[in-house]
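Have a look at the structure that comes next, please.
All chains are identified by letter, namely A, B, C and D, in their written order; residue positions are counted from 1 within each chain.
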Amino acid sequence: MKYQRLTGLVAAPFTPFHQDGSLDVGRVAEQAERLIADGVAGAFVCGTTGEGPSMNVEERIRLTEGWIAAAGARLRIIVHVGHSCLADCQTLAAHAQRAGATGIGCLAPYFFKPRSVGDLVGFCAKVASAAPDLPFYYYHLPSVTGVNFPMVEFLAAAAERIPNLAGIKFTSEDLMDYSACGRFDGGRFDILFGRDEILLAGLALGAKGAIGSTYNYMAPIYHALIGAFERGDIAAARAAQARAADIIAVMLRHGGLAAGKAIMALVGFDCGPVRPPLHDLGPEQRESLRRELETLAFPIQS
Amino acid sequence: MKYQRLTGLVAAPFTPFHQDGSLDVGRVAEQAERLIADGVAGAFVCGTTGEGPSMNVEERIRLTEGWIAAAGARLRIIVHVGHSCLADCQTLAAHAQRAGATGIGCLAPYFFKPRSVGDLVGFCAKVASAAPDLPFYYYHLPSVTGVNFPMVEFLAAAAERIPNLAGIKFTSEDLMDYSACGRFDGGRFDILFGRDEILLAGLALGAKGAIGSTYNYMAPIYHALIGAFERGDIAAARAAQARAADIIAVMLRHGGLAAGKAIMALVGFDCGPVRPPLHDLGPEQRESLRRELETLAFPIQS
Amino acid sequence: MKYQRLTGLVAAPFTPFHQDGSLDVGRVAEQAERLIADGVAGAFVCGTTGEGPSMNVEERIRLTEGWIAAAGARLRIIVHVGHSCLADCQTLAAHAQRAGATGIGCLAPYFFKPRSVGDLVGFCAKVASAAPDLPFYYYHLPSVTGVNFPMVEFLAAAAERIPNLAGIKFTSEDLMDYSACGRFDGGRFDILFGRDEILLAGLALGAKGAIGSTYNYMAPIYHALIGAFERGDIAAARAAQARAADIIAVMLRHGGLAAGKAIMALVGFDCGPVRPPLHDLGPEQRESLRRELETLAFPIQS
Amino acid sequence: MKYQRLTGLVAAPFTPFHQDGSLDVGRVAEQAERLIADGVAGAFVCGTTGEGPSMNVEERIRLTEGWIAAAGARLRIIVHVGHSCLADCQTLAAHAQRAGATGIGCLAPYFFKPRSVGDLVGFCAKVASAAPDLPFYYYHLPSVTGVNFPMVEFLAAAAERIPNLAGIKFTSEDLMDYSACGRFDGGRFDILFGRDEILLAGLALGAKGAIGSTYNYMAPIYHALIGAFERGDIAAARAAQARAADIIAVMLRHGGLAAGKAIMALVGFDCGPVRPPLHDLGPEQRESLRRELETLAFPIQS
């Protein structure tokens, strides 16, 4: 099975909620336009940043449809369909195919954990088979799921059992494994880099595409980074990476996903609150976040 | 708010699936009769042993109704409503109340993890408020969820914010915390012991009730243990505990939940396969399990 | 090889240091008298509480000699000889035998970690062989060493390879394993309980002896606990355990080992500072510790 | 305080032992000549690869003297002085300065763990002050020590308290932190990259020097990597990195440090056995290692 390679920056969009926490699909269009204007290649919908596991199946379906309607052919839409329940994964996968998504991604099941690569591949194969015409990307996020097999072993086992396997969203620090995956079988899989703060390291090791949350609000910095790297100007690439890393450090200090959503508001795309068990930044934290970002000359919308 | 105290043995039933993996509610009645015949006080439905997180919401609802219909007033039915998605928790909680359950239990959300006791209590409060007339039990399972706050701090924070808080299903090795919870505020909460293999340690520290998977198939051993403990015959209690622990060690060596389901088949209550990402024992493992249990004089049905 | 069984309470003494951090062997005599007066059976010297790994070999030798000189035959002196370097373990073991200790204990090596039970047993066998006339106790402390094999497997492998194996100092929460060790081969090994805060659980599961840091300053509470348990008065045993656990909770909240040393000062046995990387309580923490202990009617010496 | 910057490749030598496990300083000279011939800049002696924590203080002193005698001014000799006991660290540090070492390195204490950056810095400051004329490098190895503070916070706190602080041996996957350390205060510290298998990622993020075990036996591959990177030929750099990573993967599959020592024998520098609790490869493993390396065209000496 052949797919168009997935390259460039893919944003993992924040999901817009109303103040009461209900889904606000109406705000997706402006998010999509922003990504398109920024030259982003795609959107990874309903993933971690999108709080997919905090939405029910019906909401995930509605949000998927919202993104496909808003982006048309202008963004590649990869729908995350992971769940603790295989049947729900399959429901979401089948829907994504019907609705016209570009591909699907799937986390390891996040309650019962597969105890072997074989069990993980077996689970993924059943999910992938529910969307047989779409490329399937395994979403490797060991820091959250606790499922941490070498991905090069996953590829070796999955290549034969998942006909529509297209690659991995690789969100782990194990760059030796990352590099091995990129070289696996002549480099035929897309190993999408998932650590925005060290994208330059990924590029050096051969990354061609990346998925991350900060591509929502500072894609231009990363495009500068990639451009510099490609023309051999490592010093300029490093400077761009440092700038992004400084901003990410501020974000992480202020609370991770909730801080990311607060930054979206600062750049003019208020996505509303996060859902429990996460909690939003308080007014003082928001103000501190704004101040620290201003110090870094981050372009805040006022 | 006042509830009947939850004491004695509460089984966490295995969920019966057809060979194709679909839910087989029809087999619940015989499970319930077995528990009643064994003098078990209640059933904790759709929990870990019941593979609740591997079922979708509609299946969890059907299974809950199956248990309530089968047991009537003869078993106390506690319905586990935990999920990564709060809205699904609330749907399940509201249904449990409508359907006539005795109480609800809830795991920490198992994708995004609360970062403070306050965030955990906040999540639980929203779930508990969807079934305001039922006692609420927090299900503490840090080895799986990774959420591991001292439960005595949870009680201190939750006592005021969750009016229907009734206690904790405490499945952790931290017995100092267990003991502190049992003594909290004059002992007004039910702290249900969740480690069958050391129930005797729990009794010594004051346990009055327990929830576990092995009460499905060897409740008589535990009743002997409890009886001996209550009449002061520690040696006999220890012997009963040793017998249970030996059987549990065999079960764990053969694969945990899947081995437990295989034991159910050996005692005449075949509950079918486990769902991915778990996998069933192969024929050789089943045979090895049977042989080792026979060595221990475990009463197998042939 | 036959040894006298090791039963009753064994204290793990704090090591006295001068204000400049140098070893103050001169204060050992009064520590020993206190333990003897309290009816404690032995002392586990140079262990974790004794900051053994923070002392050099010469200091550990001097301290060992100090304890043996002070206690004579009135306390059983078990010398901890664990180290990251096998040669140092052997030096300390051989010295302990020469100096007249009652036995030796040894942690898993705490830099390079054995990767299998066999490697752990192999290391211990080499240590034990340096003190062939003394009983050898493996010191199981997985929370610190990260070495966490089932101890019942250790016994099975070590029973044949370590002729002077006498048991385990078991400082872990895994009470199922604890119980299995106690029952191993007819109960021929001493499995010394290492969690003071739940000693009652250990007794229920068959513990005959225990090693801990709080037996330095509140042995009478534990003797009351044990006495009540032995005469079948579980309620009184539970009350004594609760009292000890409340005091331990205060100690842990104030900083573990350093707080333990501060409590020693409060009861009239000032052992001086802790060594880096630990740090002593500040004046405010000491005052808070004193106040909280007074609330619990802990007998402070003024 | 000003030091010559530490750049280029620094090998972490394996320590030669006789077949009976005793130290074989006589073999150091040939190791040193090999490193010099390979253009390696320095040696990090008595570290993890050198099994420093498995040697006693006297052995570490003798080995240090052996390296200084063998290398003269031709290699920069950094002596690892870390220990669980501060006094031993200081003894080793003072000796290193007296003996003419180029610098010292120190792990976090590996039994009691510092609970704050302040406690870690406090410990390091006392060690560094025992060799005040030598540059001090903190050795960050969280996967083994369990001590894992952000190193950029360590630098911020240590810069003022450790006058001879010169940098960090950074052996962690957290490349965002790595990058932040490299940029700290204008880049005035040497942040030595410690993951040979992804050195290229380190170079991209600004690494100027690296310390690792595989520079003992395949420095030429890494020099090719660095050369290619410096002239902007990323493809060639990536190919060299891939070659090194493939060899490292074989080594790791065969047992880590013991396999590294077996590779040394294969290239003609037999360093003898490893010390317990590690164990040497058996004959079959050695043969498998040799075969797999030959497949990769690794230059084995026959």
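By our rule, contacts are C-beta pairs under 8 Å (C-beta built on N, C-alpha and C of every residue); 3 or more make two chains touch, one makes a residue touch a chain.
From a predicted model like this one, the values you see are computed outputs, not experimental measurements.
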| item | value |
| --- | --- |
| For chain C, the least number of touch steps when starting out from chain A | 2 |
| Most distant chain from chain A, judged by the mean position of its C-alpha atoms | C |
| Mean-CA-position distance for chain B and chain A (Å) | 36 |
| Centre distance in Å when chain B and chain D are each reduced to the mean of their C-alpha atoms | 50 |
| Per-residue multi-chain contacts in chain D, two or more chains | none |
| Touching residues on chain B, where the partner in the complex is chain C | 173-176, 179-180, 183, 195, 197-198, 200-206, 232, 234, 237-238, 241-242, 245, 248-249 |
| Parts of chain A lying in touch with chain B, wherever the complex brings them together | 51, 53-57, 59, 84-88, 91, 108-115, 119-120, 122-123, 126, 144, 146, 257, 275-279 |
